Structure formats: C-alpha cells, structure tokens
Amino acid sequence: MFEAKVDASMLRECIESITAIVDEGKLIIVEEGLKLRAVDPANVAMVSFELQSDAFDEFRFAAKETETEAEAEAESKAETEIGIGIDFVKLLAILGIGGKEEVELKLDERAQKMFTRMGSLAYTLSLLDPSSLRKEPKVPELEFPVQVIIEMEEFRRTIRAAEKIGDHILLGVDGEEFYMEAEGEMDKLRLGLQKEQLIHLTPGTVHSLYSLDYISAMSKGMSHAENITLNLGNDYPLQIEFEVAEGKGKVSYLLAPRIESE
Amino acid sequence: MFEAKVDASMLRECIESITAIVDEGKLIIVEEGLKLRAVDPANVAMVSFELQSDAFDEFRFAAKETETEAEAEAESKAETEIGIGIDFVKLLAILGIGGKEEVELKLDERAQKMFTRMGSLAYTLSLLDPSSLRKEPKVPELEFPVQVIIEMEEFRRTIRAAEKIGDHILLGVDGEEFYMEAEGEMDKLRLGLQKEQLIHLTPGTVHSLYSLDYISAMSKGMSHAENITLNLGNDYPLQIEFEVAEGKGKVSYLLAPRIESE
Amino acid sequence: MFEAKVDASMLRECIESITAIVDEGKLIIVEEGLKLRAVDPANVAMVSFELQSDAFDEFRFAAKETETEAEAEAESKAETEIGIGIDFVKLLAILGIGGKEEVELKLDERAQKMFTRMGSLAYTLSLLDPSSLRKEPKVPELEFPVQVIIEMEEFRRTIRAAEKIGDHILLGVDGEEFYMEAEGEMDKLRLGLQKEQLIHLTPGTVHSLYSLDYISAMSKGMSHAENITLNLGNDYPLQIEFEVAEGKGKVSYLLAPRIESE
C-alpha cells in the first residue's frame, strides 16, 4: 500500500533529476521514502536518488498487509519495500500540466497502476514490468582524492559555453585552482576558480576528461540546485552530488571518464 | 459601402476564433455588424461568428447607394448585405504586426479589395472570389439534452494534458458530474467536475467521442474567453459557445462526433 | 600590443551590427579605436564600422614595439595599425554566455590568438588568416539627393510586416512623404510618413527597390539604435547610418538596389 500527497513542482524537480540520465527505472518505496538507482542505456552514467518521506505532505506506506504479528515477524526484509517500474518521461509530461498544485499518488499494486490526481484531473499511469527494465546497478567502490563545491550557476554557464566549442570537457584541480576546459578545432575555453572563489576545494593535482553530452544533460537535471559537490580523481569517474526538495532529497550522478586520445 | 475603425487586438481575437476552423471564408457585412458561417475542409467542424457593429469605434455601412426612395424600397432583402471573401490567415498575420493600435477598414467593392490601415501602415488585402469558397453551410437542427458551462482555463488545461495521451477525447455527463477522458495505449487521463465546481450543469447521462486535433484547434480559438458553454448529447455533435470582443461578439463551434470503435 | 576592457553587452551590440552583413572580417585596431569594412559574400551589401577607444573601460594599443626613436620614425604609416581576422559569429556566441559583465580582450599577435575573459571564464579565439578573408572593399563615391531620419521602431515594424508579403521593398520619397512599399501576388503594404512624422526629411522624388532579405538582416543589426538615417537616390544604393555604443560607435550599411522588372 502506497498513498502520498506532494507538491507538484517539488515532485517535478525530483523527476527531472532522474530523467537527465534515464527515461524509466525501478522506483523503490520504503517506509523512509523513495529510492532509485539506474544506469543510462550506454552504461556511461548512473543516477542515485533518495527522497525522504517528510518531503511529502502525506506519505502512507505498508509493504504488505499482514494479519498476525507472527506473520509480520516471518516476513523477510525484502518484503518491507515495493519496487515499481515507472516511465518517468511520461510522468513528467503529465506533471508539467498541473501548475503548482498538490499531486496525490495512489498505487494499485495488483493492477500495476499508479493513480495520480492534480485537482480535478486524474491520470492513471500503467507501471512498467520491472523485469523489462535494466537491472539496478551496483555502485562501484570509489575513492575521490579531491572534492570541489561550486555554485551551480557558475558550472551551468561554463557548460553552456563549452557546448559551443567541442564535445568534451576537462575537469581538474591544480593546486588551489579548480578548472574546466573545452577545446575546439581552433579555440579554447577555460574556467579557472581559485579556492576563495569556491565554497570548498581540496587542493591536489587531478584531471579527467568527460563527454559533454552527459554533463549537459546532468546540468539540466540539477538546475534547481544552488550548489553542487564535485568529487574528482585522475582519469577517474566524476561524482556530482546535490540536494533536491529543499534538502529533503539527495541525488548523486556518476559519470565514467573518457580516455584522452592525445 | 463599408468603412470601420476597431481596436486591433479585439479584431485579432475575433479572427483567431475563425482561423481555428477555417483559413478563409465569406464574411457577411450587414447594418448590425459582421457575420460568418463556415465549415472546415474535412466537413467535420463548423464555425458561426457574429460581431455587433457597436464593438467597433466606427461602423458605416450601406449595401448599395440608391438615389431615390422608390429605388430604395424596390431593393430586395438580399441587397441589404455585402458578402466578401477573406483570407483570414493573411489578415491575422498583418494584424499581428500592428500592436494595440486602432485598425481602419475600408472596402472597395468594385476593385474587390479591403484597405486596412494601422497608424501610418496601410495594407491592401485582395478579396477572394466568393465562388471559389466552400458554400456557406446550413446549420443542422440539433437538440442538446445537456449543457455545461465551464471555466475556459480548466478546459484548456485538460485538453493540453490529453494531447500527450491520445488522439481522441470523450466528453460526457454522468449524473451531476461532467467529465473529459482520454486514453492512451496504457494510460488514462480523466477530468471530473461536480456540479458545484461548474458554472452550470444540466444533470443527465450522455457521452460522445471527439477528435482531439479539432478540439485542440478550437481551444486555441477561444483562448480569450473566460467561460465556455458546452452543449452535449449521446454520440452527438458538440456545440461550444463563447463570447468575444467583451461580449459584443458571439462564436459557436460545432464538431461532429467520432464513432467509438469498441 | 592590444589590450582592452569593455562592457560585454556593448561589445555584443557592436558585433551584432557586423554579423548582420558578414560572418567574418578584418578588424583594424588603431590608437583611436576599432574599424572594419567588409562586404557580404554576394557583393550586395557593405558594412563600415567604427568604435572609439573611449567606448572602452580600458584601451591600450601599440602597433609595434620599437627600441629607438630613429626606428620609430622609420616606420611607415601602415605600421600604426594592426589588422586581425575575426570570426564574429563565434565571438558573438561566446559573448552571449557571459551576461552583462565586463570583457577583457588581449591580443597575442605572434600566436594569432585573441584572449577574452569574462569573470573567471577565459576564451581563446584563434584569429583567421587575413589573406583568407575577402579583400576590404573600396567605398564607392556616392551622392544621395535625399536623406530621411526615422525612428528605428517604425522602420523595423514595417520590415517585419513586409516579410509576410513579398521579397522586395521599395523605399522612396515623394514630395514631403517618405514611403516603404511591398507587394505580394495579390496584396500590397505601404507605410507613408509625412515630413512632420519624421525626425528629418529632404523633400524630393526618388525611389529604389531593395532585396528584403538584406534589409531584414540589417534591421536586426541595428535593433539597438533609436533612430536611423536613410540616404536615398533613384535606382541607387541605400545607405543606412546609425550609432552604437551610446554614440561612441558608428555603423554604416550600404545596399545595392534591385532593378525593377516591370
């Protein structure tokens, strides 16, 4: 059993952080809230998403209705969660209609449908068969030597400029400077920020090259965040962490590096 | 003889209600104002339009100049109106330039031209040969068992949501509820409004299916209206009535139903 | 040596007045500021551009570093300027990112690169080989019998309306009236302004036909100007002059007439 009420624009912000990486995925509902972990079709990027139940105006969940205490005790841990396959792109399209109203969600597990209601408008979303979805990925064990916390606006602006130059972007830390670099056939773009221009920086010497397409998509997915945390290494995956739902949700993106050809 | 002055944005609103259904048509000028009745090329939708002469800042009309009273009396009723073929899409494009100014209209019946003037900008629109236009349709005699008056914004929002789901929309009344339903391959959208959420509702049990393309176009044509009146029946045409020009004009759309295949 | 600081949106306005005619060109830097003269690929339109050094927050220029006074005296006049090939479209794209900040420019003549910096964002623009650019055109000696000064907004509005009608526009003066006329297959658009509706008019009787594509592009290039000066003749080139950078820059467009076929 899952029933909830939530601010429509807050839910939209959350779904947008997911659709930046995947169109569909398996959403896990637990007592503490919602969770998702999914990789993109090319296996290059991963999104981990968590939203606390207190981000909702109402949140009622029960994994299974059990009659007796004995039964309840007998239940395995796996039964304390519900996993449902969601077409997030479709859900986002519908949420885009409703304005800033509250959305009601109500799961019909048997019929494999999610009822959503915004005011007088009801929308029944058929769930996807979880077996048809890509498997939930394992999060690799990673250690990042360097961490940078930067204003989202500065990051986004640089990504938008880089899109006009080339296909890749180099992210690095050199001493107490964080930099982003894009090279075109003839031109070169570089953002350089000293430690004092950042919210946080671990000094070091690392850099990695990433596909700009993925970073651009991520940049849209985190457009509501004020600050983002970049975890970096040398020719190493990039991890970007940021908050959604006024701090009651957390998103983490992981992106594989590109090998520099020269 | 026809000469008039009218607020440009008001005229634009009127023309937009016509171009939602047809690109061109025969506009009838009479002493009381303007009238038009036209069907779309596929014969599925009809628009009836009326604009009172007092919606104009100036409105001067004479069907034919007659020298003597005897002549005047001899004239048949048919000669008390002028019918002119107008390319409304072209006229709308030109009105879109002029801002919120006043437009002057002046008909040159002999040359088959309509002079329009917005400030210092003059535009001469060649009239279409009325014989090249589709014949003015007869309005079928219809009786609608049920009438619903709804806020335009609520209607428009539902139509926009339905566009993301499917190609058709079901409009119906069930008891004291008015509903709109669209079904996709897997999903379903439903707006349900109780009598007290509507401006008016005749209780009943009717429903009809309509092509969403037409309703979407109509929705654009009536985007300035605050409320719209829906006249409904069972597998029956839909009639939508609304006001333009601050109540000095009336528009009525008529749309043939689709037969439900299942 | 060339180094300068300038308001980003002011520089953008200047570059836009150039890209209305050409994508790339040879920018001349002298002690007094910047200059450019270029023709479009079809040899139909020309732009002359001048920006005073005092439009810049900082402007430092030296044509060549010389060691002795004797050497300095020996230098020919040609060496008191630097000519650099610029891809203005690319430069404009980058300036579009930076908001309303100040831009720093720094020329590296040896490496043939222009460094630009907006806040923490640095962009290195490779210069174009001047020998690959079209030759700087000679300005033909022209005498214009008639001059009209008109509000840009009135001009722009008429051009936008004319775009919906046809491919050409007639500009003329008839007595004390300035007019612009576009004819479509069936329709006709005409703007007529009397001397008292203009800022200035030399009475006369002239008219010339021009390609609307070029005038539309020019209209975008001068969109920040309040007034524009039109110099006109009979089947003669059109010269449009206007100010940029709050009067510290001057732009002049020259457009060849079309021969009227009928």
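Residue numbering begins at 1 within each chain, and the chains themselves are lettered A, B and C in the order written.
In this text, a contact is a pair of C-beta atoms (placed from the backbone, for glycine too) under 8 Å apart; a residue touches a chain by one contact, two chains touch by 3 or more.
Given the structure is predicted, the values throughout are model-derived calculations rather than measurements.
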item	value
Copy pair chain B, chain C: interface residue numbering same or different (half cut)	different
Degree value of the rotation bringing chain A onto chain C, based on Cα positions, nearest 5	120
CA centroid of chain B to CA centroid of chain C, Å	47
Numbers and ranges of chain B residues touching at least 2 other chains	none
Residue ranges of chain B in contact with chain C within the complex	90, 93-94, 97-99, 120-126
Footprint of chain A on chain B - complex, ascending	154, 157-158, 160-161, 164, 186-193, 197
